[in-house]
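Letters A, B, C and D mark the chains as written, and numbering starts fresh at 1 in each.
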Amino acid sequence: MKKKLHIGVIGGSSCTEKTAKLAELVGREIAQIGAVLVCGGLGGVMEAACRGAKQAGGATIGILPNWSKESANEFVDIPIVTGLGDMRNLMVVRNSDAVIALPGKYGTLSEIAFCLNSATPLISLSNWNVSKKIIRARDAQQAVELAMQEITKRNE
Amino acid sequence: MKKKLHIGVIGGSSCTEKTAKLAELVGREIAQIGAVLVCGGLGGVMEAACRGAKQAGGATIGILPNWSKESANEFVDIPIVTGLGDMRNLMVVRNSDAVIALPGKYGTLSEIAFCLNSATPLISLSNWNVSKKIIRARDAQQAVELAMQEITKRNE
Amino acid sequence: MKKKLHIGVIGGSSCTEKTAKLAELVGREIAQIGAVLVCGGLGGVMEAACRGAKQAGGATIGILPNWSKESANEFVDIPIVTGLGDMRNLMVVRNSDAVIALPGKYGTLSEIAFCLNSATPLISLSNWNVSKKIIRARDAQQAVELAMQEITKRNE
Amino acid sequence: MKKKLHIGVIGGSSCTEKTAKLAELVGREIAQIGAVLVCGGLGGVMEAACRGAKQAGGATIGILPNWSKESANEFVDIPIVTGLGDMRNLMVVRNSDAVIALPGKYGTLSEIAFCLNSATPLISLSNWNVSKKIIRARDAQQAVELAMQEITKRNE
């Protein structure tokens, strides 16, 4: 049996309505291509993306910074508690075949840095422009398409 | 939506045929009560338990010590890579609502210690008798029944 | 320059007067042979051992479970914060060339298991008799002597 | 007894001669004010900074990503092994009262992000300009002076 692809979504634990709408669309697209959504399991971008994935019948994993699975947002199917605080940011990245970045602050920036450092494909709908290796997308649909393209390219 | 129960299975990464058979039965029982099996994702007891769970149509999570999801045994549905080495043993315990111990060596002993330390219910089919808090079972079916009883008791 | 030896001391974060006295003697002996004392940085056995080491002019490292260096006992020279909770128990072990166990509960048992699992020499003045690989000592002085012997043996 | 201040130095594990010279000066200044230098313990900027600190009679801590204290550069007094890979980057930051950034790649960027996220004062001689909260210095001496000012300010 082939394992399902895991696509990470990173971004702020609080966000604007506009960003939440975008995250929701990203989550929906991830579900529609049959991939599992991986995220940090909390609110904001993470919650909106999980909500979108569930609306489209997808599966969601939340890799939480604490030991409380109750801290996961309600759209997380599989909460994984880590007790690692922000060190779990690397775990979100390394559990993803590709990562899609949405707007966020310094936690998101640490995840972007970890993507770049571990050669995990990084598609961005985000504010951080810290490397030419980041692949920019114009919308949710294109972000997920580009993520798939990058994953395919690396598996060839 | 209520989250599914997570039941952990711990034990050696290599084991006898007899122990493998027992682990397989434990995995099957966990699946039959509708719980998700959590383990360290590798061979031996972990693999046999996952195989049993899949035979009964259940779901399995493997919390791996390294960064390679390819290192998971073939019956793991959801591999979670941690890069934590044996520190991930605590993560196996804390991601379980109750833990069933099968025969194993010092890695298993560390997980037993973490169960006892974090008040996670621990049902034993194992060789380690290090505390009166360990609840002994005589077979796979009773082990899973006792795990469920303990979880229910704590949620009352 | 040759690095100093690091000798770990493990045991309960609270303890009896008698155990504290023993831990203090162990700390003093470690300092007197010129080794650095490594521990979990908190109270009970850890604090008593650090106090003994400082009385004899030694150096002490405390590998703390949280992010607060203020949580270290007052005899820790070098507090290292980890944010890892009990996962830091493995870090205490792996930062020690040999470990001396004093009485403790399940946290101590997890550290004993990690010593046995990583082939770190383990000298015991403790209550846990879980393996024939544990080398028993009758008092503080002999414990430190045995630790040194084991380290020398492995470096030959 | 008052604990010594810990000042972190971050930057590439390989670097140009010019950057190494700068790192060495930073290490020397840290030693001269009586602070302990904290770093990731490896080569490049980390090694040059430790060399500078030792030249000026200072003390150095290397928080290593692996389990091998032999991997520390020769100027590390106190190697701390973590087995955490790049997750240890957060540990470097959180063990520092202030951090001085030199040129580096994405690992350095992740540490910069963690400083900003945890409100650890960050003084920069680096290439990364990702936040207005980063305090820029023009040379090694000013960097250490600014680090001290920020620490003092926060302790008032």
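In this text, contacts are C-beta pairs under 8 Å (C-beta built on N, C-alpha and C of every residue); 3 or more make two chains touch, one makes a residue touch a chain.
Not measured: the values here are computed from a predicted model.
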{"item": "Which of A-C and A-D has more C-beta pairs touching across its chains", "value": "A-D"}
{"item": "Most remote chain, CA-based centroid, reference being chain D", "value": "B"}
{"item": "Geometric centre distance via CA averages, chain C-chain A, whole Å", "value": "41"}
{"item": "Inter-chain centre distance, chain C versus chain D - centres from mean C-alpha coordinates, in Å", "value": "28"}
{"item": "Centroid spacing, where centroids are CA-atom means, of chain A and chain D in whole angstrom", "value": "30"}
{"item": "Touching two or more other chains - residue numbers and ranges from chain C", "value": "67, 83-85, 87, 90-91"}
{"item": "Contact set on chain D toward chain A in their complex", "value": "84-87, 90-91, 105-107, 109-110, 112-114, 116-118, 128, 130-131"}
{"item": "Partner chain C, residues of chain D touching it in the complex", "value": "1, 3, 36, 61, 63, 67, 69, 74, 78-83, 90-91, 94-95"}
{"item": "Chain B partner contacts - residues on chain D that touch it in the complex", "value": "67, 83-85, 87"}
